[in-house]
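Each structure below is given as structure tokens.
The following pair of complexes shares a single chain, chain A, combined with chain B in the former and chain C in the latter.
Let's turn to the complex of A and B:
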């Protein structure tokens, strides 16, 4: 384990309540819909950082760059030649039944062939120190703003902690994001599109807009004319938008291409995009690559596109779609974790060990009836991290969302969002499931 | 080969002023080995600057934006095309093998397919003709029972529908039978309005079949747009703002 100079650092721990109070005041909240009602809930911050050594980070970094590069190649291939299907590496069904595959995006080549500009890759560290990839998020991964603002407040609360320890400054995220946006820019200003303040990540949208000098916009301020995207200015004029970092889902993006009833989209945005007049971050259609069913194939993609051995491992995964895997899943259901490929945010995750005998049998039938809908994984015994619970240190499950940005080069942000479960018996750390977060410190040496 | 003069117009009228009106038209027939355009002109009133692109399915998209107040949008397209069905179209996409929004079968439609699948043998063309036959026996042509939002499953439950519904049900059956199929919106001599039919993939090219008339297509059919189902082929789609409560659409088409 990494040794930190604890002396001054305990100041931050002692000031945890003050930091949380400040976060509350800054509006660092997480909104969730439950039973149709919107609730904004505070996303609790734990002051004990996760610390990653320079050496460990260097290896994670290499592995993440490799993975995201392969995923970008995959997306280009799927929306063009589809060689990976023709060469029988990925079965056709997994592509075309995936809800994330959008036939409307066939043949579109985004600027510089980058589809996933901002990738949120979720990892866990096992007790033996090995890191495993849990899932890829290539659509609208959120969460980068939380460690950013938490770091800023911790710096105020315990400045000495950063003098004593060699922590890489994570404020570079703004510059990295700006660079990435500029690389996708087709000529015009940078804009961040938010569905509005009732969105779970509204705080993040406004914060990132401020940090990157982008315009924060909602759809009713935008229009497409002559296949160019414009922002309506207060004086009645218009400003061209060259790159749109949109924080709304693909199917709502353009009511003339996708869901006709979308009230948060921009009509004819896809025409402007197809014409190469605006960059969209991330590219529409990316869902086909972060589908839980496709996850299984990512190590194969790395070999196929890059001719390299995967540096980071997947959690051992089984696809009931394959007979052999189905047999294994049926024989070991009570010890596996089963995930519904269509769900996200920690929903649709079932631990076999939590099920009663009857439920287990019922679930077995569901899997046999719809083998394509599920993946099964071994439960990884991941490393517990210390958190403060009413002033006492307790150990809880935690994961890490690493942010990988693809601009001229693919770069990993030397920080990340560490999420933990507040419930001692739970492995699910998603913020929508009531977890909390920590800052992630990457040491420079 | 046949030379066709085509004309098609739509008048869209609102009962109050609208503004910030974005639209996307799929009205210019795509050029391909079976149809060549000798001339084609599109007029839109009120005058608006437009841009042309080609979408994922090979359709010509005309996009425009009218900022100011207006109460109508009219467009008419006329031209001359050579249609030659001795030529083959080969623009295959794997997505045509999979059910889409309008064609996804419900339990009834699945049961119907299982009932009749025994007779579905032979070449792809024979299977398609067979499915088209059983469909004609099962569904009655009738206007006013369905609309543009009716799915294959809904029309099948009614046992009634127009060309759009026949196409959706046939596509659903073909895809259940493992045959790739696509929806075609176009103009045909048999019809005074726009028509719809189906193309199925033989293994190396597309063949057209008209389920509403239970016949194969010939040089009397002009393709305007194509896609997985009606949704990809809508002749006009638009979003506008205003206090209108009603819009009227008048469509006229002529082939000669």
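Let's turn to the complex of A and C:
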């Protein structure tokens, strides 16, 4: 881990309460449903930043740009010619069985051929310093707003930390997002579609709308007429929407195309999109590329589409779908982490070492019965990061969500969301499961 | 941005109303605190102004309920919660900074409940509310959006002043403010006033004696001010 100069480092630590007070003041919250009840919570912030050296970031940046470019090529290919399937690089089972594959998106080419405009790539750093990709999030990755506002507030509470360290300013995210939205704009205003206040990430939706000067909308304010998406105004008029940064899942987007029972979608949105009259960020159907099963094939995609060697490594992964991998998984189940490909948010993750003998056997049978449903990974002994726990510095597991924005160029935001587990025995860092967050400092030299 | 939905315009209007209701309630209760130094019975007058029954064992319980009880729809706390509920879905219109003053007000009110000197601990709320309105002016570029909030604010203030039987001059001043805001409303939007109720209101406020005799009619006219009719101005 990169060492910071101690004086300012301790200043930031000493001001933890002030920073959390400021975060509270600015309403940095996320919502959680527990036992059917909605609770709004302040997202616990730890003031000790994750620090990434300039050299490390340069390499991560190259690797992420490469990966996201390949994933965008893959999405275009899958919804058009499917050459990667024909050439036997990715078995077709993994495409058509994936819940994220949407036949309704066949043949659609979004503006500038970009499908994943905002990619959230989760990485971990192993104890030997190597970075590994844990998963790709190409649908609606959230979390950028937290380090963004935390940086703003930390600069107020601990200015010397920034005077004495060369930290790249991360506050250009909104501008980057705006550029990305404009690049996908098909003519009209920018809008962010939220399911509403009771969504877990509502703070982020409204904050990004404020920073990018976009209209924050809910579905009942929108309608499609002659394949054009409009915002219904209070005077009875209409304003054309050129790009929609939607923060709702694919299956709820358009009740006439996907789930008919969706109450948060916009009828005929897909027709407007198909006609090229509105850009949707991220493109519907991206789930096929961030499926946990497809993850295994991303290094192969990089070679196939870009003719390059992958710069960033995947965590060693096994697909029980392949006989050889199934054998390995059966032989080593107790030391592997098994992930249900249909789950997200830290759910459906089972550590073999946590299971009793009986449970292990039971689980073994489930994998044999449904080999496509699971992937298995080696447990990476990733670097613990220091966090403050009641004023004491303790070490906890943490990951990094990097944000890659694809507009005219593919750019990596020089920051990211570092999430950590507050539980000393847990690898699960998701906020929905009680995790906290840190800012991510990228050093400029 | 230049595009306001009906839902947002409604939220803006109620943000203005509830923020003002919170502010005026606090000020009125502050005045009441002062009066009750001499006689504890003044709170009964306050209840009477709003047509509410006295179900309180003493003035202290009344005060606690009207300041802190979120389940009492006439309390300051209730109004602040509703103001925040409306504000939180308007962050991109009113700004994170404006919203932060409501969050601070919530936190201050919460802490005040534990205080030995409640009136003293409520004082910073006045600063926060003035800052909130300053921030609204500073951050909202679109006059139409700002005007909707101000219509809510001035209408609420007029309504509260009439109910609290504030002096005629203060009421008249607020009426003029409301008219100015209403005259800026564009055609075809929900805040065009109903001419019938506006003339009732105008007549009620012609002179001090009209006001004293007809305050109930004035509050009724305010209630129906945006009711659809053939003559909307």
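Basically, the second predicted complex is superposed on the first by the 443 of 445 C-alpha atoms of A that agree within 3 Å, B and C clash if a C-alpha of one lies under 4 Å from a C-alpha of the other, contacts with A are read in each partner's own complex, and residues count from 1 in each chain.
We adopt the following convention: a contact is a pair of C-beta atoms (placed from the backbone, for glycine too) under 8 Å apart; a residue touches a chain by one contact, two chains touch by 3 or more.
Remember, it's a predicted structure, so these values are computed and weren't measured experimentally.
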Check: Where does A:97 make contact in the superposed view: on chain B (first), on chain C (second), on both, or on neither?
Finding: first
Notebook entry, point to check: Which partner does A:107 contact after superposing on A: first (chain B), second (chain C), both, neither?
Noted result: first
Next item on the list: Could you tell me if A:359 is touching chain B, chain C, both of them or neither one (first, second, both, neither)?
Entry: neither
Check: Just chain B (first), just chain C (second), both, or neither: which does A:26 touch?
Finding: second
Next item on the list: Mind listing the chain B positions that touch chain A in their complex?
Entry: 20, 22-24, 49-51, 53, 55-57, 61, 63, 65, 67, 93-95, 97-98, 228, 232, 237-239
Check: Can you name the residues of chain A that touch chain C in the complex?
Finding: 24-27, 149, 189, 196-197, 202, 206-207, 209-210, 213-218, 220-221, 231-237, 239
Notebook entry, point to check: Any idea which chain A residues touch chain B in the complex?
Noted result: 82, 85, 92, 95-97, 101, 103-108, 223-227, 255-257, 260, 267-268, 271, 274-275
Check: What residues on chain C touch chain A, complex-wise?
Finding: 1-9, 88-89, 91-92, 95-96, 99-100, 103-104, 107, 186-190
